[in-house]
Amino acid sequence: MIFVSRQEHFNAAHKLYNPHWSEEKNTAVFGPCANKNYHGHNYNLIVTVSGTPDPETGFVIDLKKLSRLIRNEVIEALDHKNLNLDVPFMKDKMASTENLVIEIWNLLEHQIPKITSFGKLHSVKLYETPRNFVEYFGPEHSAL
Amino acid sequence: MIFVSRQEHFNAAHKLYNPHWSEEKNTAVFGPCANKNYHGHNYNLIVTVSGTPDPETGFVIDLKKLSRLIRNEVIEALDHKNLNLDVPFMKDKMASTENLVIEIWNLLEHQIPKITSFGKLHSVKLYETPRNFVEYFGPEHSAL
Amino acid sequence: MIFVSRQEHFNAAHKLYNPHWSEEKNTAVFGPCANKNYHGHNYNLIVTVSGTPDPETGFVIDLKKLSRLIRNEVIEALDHKNLNLDVPFMKDKMASTENLVIEIWNLLEHQIPKITSFGKLHSVKLYETPRNFVEYFGPEHSAL
Amino acid sequence: MIFVSRQEHFNAAHKLYNPHWSEEKNTAVFGPCANKNYHGHNYNLIVTVSGTPDPETGFVIDLKKLSRLIRNEVIEALDHKNLNLDVPFMKDKMASTENLVIEIWNLLEHQIPKITSFGKLHSVKLYETPRNFVEYFGPEHSAL
Amino acid sequence: MIFVSRQEHFNAAHKLYNPHWSEEKNTAVFGPCANKNYHGHNYNLIVTVSGTPDPETGFVIDLKKLSRLIRNEVIEALDHKNLNLDVPFMKDKMASTENLVIEIWNLLEHQIPKITSFGKLHSVKLYETPRNFVEYFGPEHSAL
Amino acid sequence: MIFVSRQEHFNAAHKLYNPHWSEEKNTAVFGPCANKNYHGHNYNLIVTVSGTPDPETGFVIDLKKLSRLIRNEVIEALDHKNLNLDVPFMKDKMASTENLVIEIWNLLEHQIPKITSFGKLHSVKLYETPRNFVEYFGPEHSAL
C-alpha cells in the first residue's frame, strides 16, 4: 500500500454567515469572517490516492491524470469563484473548509477508479491559509 | 545602510473590473478575475526600511513597532475586506496588486519616521499568490 | 470525522544536557546541542483536532478560538523562553522535542472540550527546525 | 508512541520508460517523462521513526545519527545520479517515485535498530516535486 | 516604477562537464555534478517586469499573458529536457545556472514589449535548488 | 554581471540587552527579547556574490566552495552558540540581526576573492525568523 499525492490550488471568495441568525450573532460568532462583502483565500488542495503500483508503469496513479481530474472536477468549479454564490454544491451550506473538503471528496471519490485500477481515494487535505487547514478521509473513516 | 524587513499578511476578496467597459470587454481582458461575485487571496506583505542601526539598541527599526504599525495602518484596513467595496483608498481604482502596493506605500511612508529616527521606508512588496507578486520603491525611484 | 489544524510558532533557547552525566559524556552524546550557554530555535507547532462539523457553524472547532487557546496555554509559556530554566513543566526533563510535544499535549487535551463540543485533540506536531520534527497522538495511541 | 522525522534531499536524473513497450507507447503513456535523454528533480525525503523516548536522552532517535544513516545508506546511492543507469537497486524497475520509496524503506528498515533501541522505521515520504509526492509505511501496513 | 514578478518552474537533467578537459579534471572541478549519466533539478524561475501601471487595467503587465509567454518561450524549451543534449541554445555552453539565466533573458527580452506597452524585462532569477540560485538584470546592468 | 546566491543556516541563542541600561529599561524597550535566560532562532543566511561567469566552468563562483567557505568562516562561529556569550566578534555589541549581518559581511568579504577571480561579495541577507530579516550590501553601498 503506497499513498500518492498531488497538490493543486484555487483562489476564491467566501464569507461565514448563517442566514438563520441575526447579523449581530453572525458577527459575534464569526467576527471579520462574516464581512457581508466577503473576503478570500488562496486555497491549497492535496489529494491522496492509496494503492499498489501497476508493475507496467510503476504508478499507483498517473499524476498527470490525477492533476487533470482535480482541475476538471474541482478547480473548475471553485477557482476565481465566490463559494457562497457561485458554487452549486455549496448552496445552503456554511462555506467552511470542513464542509468544502467533504464536497471535494464527493466530487472525486467515484472518478478516481476511472483513471486507475490500482488505487482509490484516501484523503483530501485543504489549506485555507498556510496556518489553517483540514483533512478528510471519507465517511467510512472513524477516529483511531 | 542596512535593509530591515517585516512580513505580515491579510486575506481579502476582489475582482478586476473596469466600470467604463462592457461586461464582455471585462471578461475578455480579465478572464475569471472579472467574476462579478469576486474571488480572493491570502496576501503576503513585506515592508522594508533602510537605515543605519541605533548604537543603543542595534536596531534600524524595532520590528515589533514596525509590525504594530503595519497592522494598524494597513492590515486593519484590508484584512477580511472586499478591496472593491470596503476600502476607501481603493475607491475608483482598479483593485490590482500594482495599485494596492502604491497605496500601502502612501499609508506607511510618513508613519515610519514616527517610530524610528534611524531609517525610512525603502520598499513595499506584495504577494497576491506565491507566484504573482509586485514590489514598489516609492515615487522617487526610477529604473536602474 | 474531519481533522482540523492550526499552526502557531515560538522562539526559544535550550540545551540538551543530562545532569547525571559528566560534561564529557554530554558532549559525546549531544555534540554542539550540549553547549553550556544554550542555542535556540524557531519552533513551529501544529495542533490537530478531530471531530464532525457543528451544522450551525460548519466548524469542528473555531480556529480563532483554537489559536487563542494555543497562545494562552502554550506559546505564553514557551515563547522567548529558555526551555531548561524558564519553563516549570520542563523542569527535570531533557529539553528534547519529544518531551516537549508530550507536555504540549497535556496542556491542551483538557482545554479543547471547553472551546468545542464537536471535537477533541488528535495530535500535536512540533518542528524544531524545518528538517527535524516530531508528532504525538496522545498516550492511548499505539503504533499501527 | 512518538513519531520523529528527519528531512534530507538529493538531486537525480531519471526517465519513465518501459523497455517492453514501443517508443510510441512510452510517449503516449508517460509523455515528456519518457524523454530519452532524461530529465531530473530535487527530491525531498522525509524518514519517520516511531517509538518512546529514551529517558536518559529524551530521544526516540538521535536525529544527527538518523541524518548520517540516511546520507550513508540512501543519499550516497542516489544524489547526483541517474536513477535508470547508476543505481543498482533500481535496475529493471520503473524509476517511479512509488518504486523508489519502497527501495528506500528496504535500505533503512534494518539499519534503524542499529542506531536506536527505542524506535523503528515508521514511514518514508518522498517529494519528487513540491506538488507530487508519495508515502510508504512498509509491507505490513494495509489501508485503514 | 513598479516591479511585477511571475514564478514558473521546469524539471530538467544536466551535467557540468567541460569537453576540453580530461575526465579527471572534470571530476576534480565539478565533483558529482560531472556524473556522465547526468543528474537533475526542479528549477524555479522568477521573471520580473518593471514599468508603470496601465490606468485602464491597473496592470504593468497581465500576469496571465506573462505566464503564457514564459511557458511558450522558456518552459517548452527546457521542461523535461536534458540541458546538455536537448536544448539548442545551450549547445556548446556549460550547462550552469549562470549561462542558463542569460539565455532565458535573451529569449524573453524582445517578447515582453509584444504583450505590454507599459513595462520591460527587469530581471530573471533562477533557483537550481532552494539553496542555490542566480539573478541577472541584463547586459546593460553593471554592479552598483 | 550575474548575482549568485547560496543559503546556509545556523541555530543560536541570544538576548537583546543593553548593559548600560537598567533591567526595567531593557524590558521596556526589548520586551520578551530581553529575557535574561535567552531565547533563540533558526537563522537562515543568504550570501550573494556578483560577477561574470568563468568561460571554462560557467561559474561566477563554485557554490560548493562558497558553501564550504560560509560554513568554515560563519556557521562554525555561530551554530549552536550563544551570540551574547560565545562569539568573540559580537562581544560588546548588541546581538541584533543588523549587527550580525555587518559582522558576517566582514568575515566573508576578503575570503571570496580567494575562491573565485570572477566575482566579489555583493550582499548578506539574514532571516532571524521567516518574517523578520535584514540585508546588507557593504559599507560602500548607500541608499538608492
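Note that the chains are named A, B, C, D, E and F in the order they appear, and that numbering of residues resets to 1 at the start of each chain.
The rule is simple: contacts are C-beta pairs under 8 Å (C-beta built on N, C-alpha and C of every residue); 3 or more make two chains touch, one makes a residue touch a chain.
It should be emphasised that the depicted structure is a prediction, and the values quoted were computed from it without experimental measurement.
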* Asked: How short can a chain-to-chain path be from chain B to chain C, counted in steps between touching chains?
  -> 2
* Structure fact -> By label, the chains that touch chain D as well as chain E are none
* Structure fact -> Note, CA centroid farthest from chain D's centroid sits on chain B
* Structure fact -> For the pair chain A and chain B, the C-alpha centroid-to-centroid distance in angstrom is 29
* Structure fact -> Between chain A and chain E, the Cα-mean centres are separated in Å by 34
* Determine the centre-to-centre distance between chain B and chain D, using the mean Cα coordinates as centres, and give it in whole Å. => 42
* Touching two or more other chains - residue numbers and ranges from chain D -> 31, 130, 137, 141
* Pairwise chain contacts under the document criterion -> A-B, A-C, A-D, B-E, B-F, C-D, C-F, D-E, E-F
* Residue ranges of chain A in contact with chain B within the complex -> 9, 11-14, 31-33, 35, 37-42, 79-82, 85-86, 129-130
* Structure fact -> The answer for chain F against chain B in the complex is residues 16, 18, 20-21, 29-31, 93-99, 101-102, 130-137, 141-144
* Structure fact -> Per the touch rule, the chain F residues reaching chain E in their complex are 1-8, 50, 53, 56-60, 62-64, 122, 137, 141
